[in-house]
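Below you will find the structure I want to go over with you.
By written order: A, B, C, D, E and F. Residues from 1 in each chain.
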Amino acid sequence: MMYVTRREHFSSAHRLFNTAWSDERNQEVFGKCNNAAGHGHNYYLEVTVAGKVNPETGYVVDLKQLKDVIISRVIAKVDHRNLNVDVDFLRGVIPTAENIAIGIWGELVDHIPQGRLHQVRLYETEKNFVDYRGEA
Amino acid sequence: MMYVTRREHFSSAHRLFNTAWSDERNQEVFGKCNNAAGHGHNYYLEVTVAGKVNPETGYVVDLKQLKDVIISRVIAKVDHRNLNVDVDFLRGVIPTAENIAIGIWGELVDHIPQGRLHQVRLYETEKNFVDYRGEA
Amino acid sequence: MMYVTRREHFSSAHRLFNTAWSDERNQEVFGKCNNAAGHGHNYYLEVTVAGKVNPETGYVVDLKQLKDVIISRVIAKVDHRNLNVDVDFLRGVIPTAENIAIGIWGELVDHIPQGRLHQVRLYETEKNFVDYRGEA
Amino acid sequence: MMYVTRREHFSSAHRLFNTAWSDERNQEVFGKCNNAAGHGHNYYLEVTVAGKVNPETGYVVDLKQLKDVIISRVIAKVDHRNLNVDVDFLRGVIPTAENIAIGIWGELVDHIPQGRLHQVRLYETEKNFVDYRGEA
Amino acid sequence: MMYVTRREHFSSAHRLFNTAWSDERNQEVFGKCNNAAGHGHNYYLEVTVAGKVNPETGYVVDLKQLKDVIISRVIAKVDHRNLNVDVDFLRGVIPTAENIAIGIWGELVDHIPQGRLHQVRLYETEKNFVDYRGEA
Amino acid sequence: MMYVTRREHFSSAHRLFNTAWSDERNQEVFGKCNNAAGHGHNYYLEVTVAGKVNPETGYVVDLKQLKDVIISRVIAKVDHRNLNVDVDFLRGVIPTAENIAIGIWGELVDHIPQGRLHQVRLYETEKNFVDYRGEA
């Protein structure tokens, strides 16, 4: 068993707020992340695929194919976008790093070219990141 | 002569467009940076002060004081904000890295505790950055 | 299940030696880390919390609250300190990265605001780091 | 149980191709990695050792000894070398990151000074890396 | 005057040797860099353009256009290539970082879309880099 | 003219205080950097040499020779040391980043193998660094 990771990047705007809450409650919980006109981040995404090494290629997964899937199914939808309004797979959720990671997992899990999706790591800043492995 | 640099960070949303232009012209020039709902970045700011080393302290400038100036005059105004609408010193300019750097220079140049402001470097991403030294 | 990590920084002095040993034995085992007047590092601490995503906030843990706990219970005690003499939770242990990580785990494990402490990673340099998960 | 990681670096040339395949098949699968005269990378290797903390030293493993083993058994054989022709432990395999990691595991697993080898992580670039834990 | 920098990456093989010298002399001067089958690096290239900020765009230079020039005139020729044999603009020179930087300067200096080329910085590793400004 | 930079690392303890001052004055000026038992840093040193490229070697300066000079004249004296008491070239100065950089300049300026010393950059942390070019 081998774990192979590909790192990609996107730059997005977002705002954290719960539409069911009052402005006061949103400000109390989300603080500066609740700024009405939004803010943004350079996100770094690390997608890890687990699998056996193919003896003919020495690859678990062809990284060009994996990159193409990540670009077409994730990066093209989120890069230079507003995560609150522009992204189909984030409709109806608060775009925290946690929820973005879950959304990305859903976009990728059935489309890995070889092997299986093992983990999605998402860096929101150098100081904050989340890991999701599809566990309930 | 010694050059002392302090690095700080802020996360902001922005959108690039020229209000005097048509939508088509804006899209042609700014491309994905023109996304209507904006996008965002983790910016890294490096402020360089030039001066003589004070023999009593071994400092060109007290970095705690310099940090306080950077935080109060810049970071507090741009962090977790939208650079198109929330920032007084960016009113009326397109918030490109170049214009943000010029704005930051203006905020800092008369408020350096010791020494003189030498350079503002602004990283928009790991791959794009600008340097401004107040030169006409 | 989601894993959320917060990174913080501290700068400390330390010296590695075992008080029960001769100077020769200490020098043989700890080498340059045994320098009598000490040396120091910029440490990077990554604290990982595991838990369910709260559907109301999209958070596993409020990172502002987690940061406050890390600052008050760890960083305030070790930053710009000497780990051999200034830190209550390191009394009586050799301040190796391993023992510092165990001490930090003890400071944090009962004070995580939401979720549970999953891992403490401590970078002593870019080339040396340790992971501790509270396992016996 | 504690996990201790040491990071080292090497710079090597390689070319990806399967000697049992036609040129066309190699080009189709390996693309630019199949360039006849080769290409190369700055590889970063992270070796993780698991074990108990020795109460006399505060160490799981003496990092000087671990470093010496990594240098003598791995780095000295691959640094400033061509991985297709110069490295005994890569004879007969396509030098993908996956196969290099397996080769490094084999070089190290029986020579860890204290504790046991837990993981080999190999970065081929900032965007591509693999993890191997000796699992069948 | 503003300085705008774009960073790009390429991975190449090379070997350092002077064809006019004996094997012994090459080994004495170039040491492990003279390995007959070559070695390689992940190079990072930073291209800096100097110019006035265009008030209509807020740009010194359109980074998409600058990137396209760097990709087509440099990266496409050196990435996943052997710098001794595959690169037209390095014919007849020893591919040290210095000579690669001079070659890249020559490829770019007359093709900068707006502003003028100010500096080429080339990182061969994290520990070695060169700066060239076209100065005789 | 070409500028070649070599990066090296050292880990040291230090304490900032002026022996001519009262404890109160030292605490007021140096704050947490005045901690009696010291603190420490992982310092990164970048030494830049300027010169012509030698057409026979493609080098401005042989980096192995430059590295040897940096190691023997600087790193060996400061790594895993206390900068207040262990370092001959820092006797009698407050070991701020500024004064350490000046001391390192003095150690290196007459010992550069080829070319001439252009700049010493010293990172005390990721957020603080100084540049010294030998200017009065």
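Heads up, the rule we're going with is that a contact is a pair of C-beta atoms (placed from the backbone, for glycine too) under 8 Å apart; a residue touches a chain by one contact, two chains touch by 3 or more.
The shown structure was predicted, so the numbers you read here are calculated from the model rather than taken from an experiment.
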Neighbouring chains common to chain D and chain E, by label: none
Joint neighbours of chain C and chain A, given as chain labels: D
Of all other chains, the one whose Cα centre sits farthest from chain C: E
Selected from D-E, B-E or A-C, interface repeating A-B by over half of its contact pairs: D-E
Distance from the mean Cα position of chain D to that of chain A, given in whole angstrom: 28
Multi-chain contact residues (two or more partners), chain E: 126
Pairs of chains, among all present, that meet the touch criterion: A-B, A-C, A-D, B-E, B-F, C-D, C-F, D-E, E-F
Sites on chain E touched by chain F in the complex: 16, 18, 20, 29-31, 93-99, 101-102, 126-133, 135-136
In the complex with chain F, residue positions of chain B that touch it: 1-8, 48, 53, 56-60, 62-64
Residues of chain A that touch chain B when the two form their complex: 9, 11-14, 32-33, 35, 37-42, 79-82, 84-86, 125-126
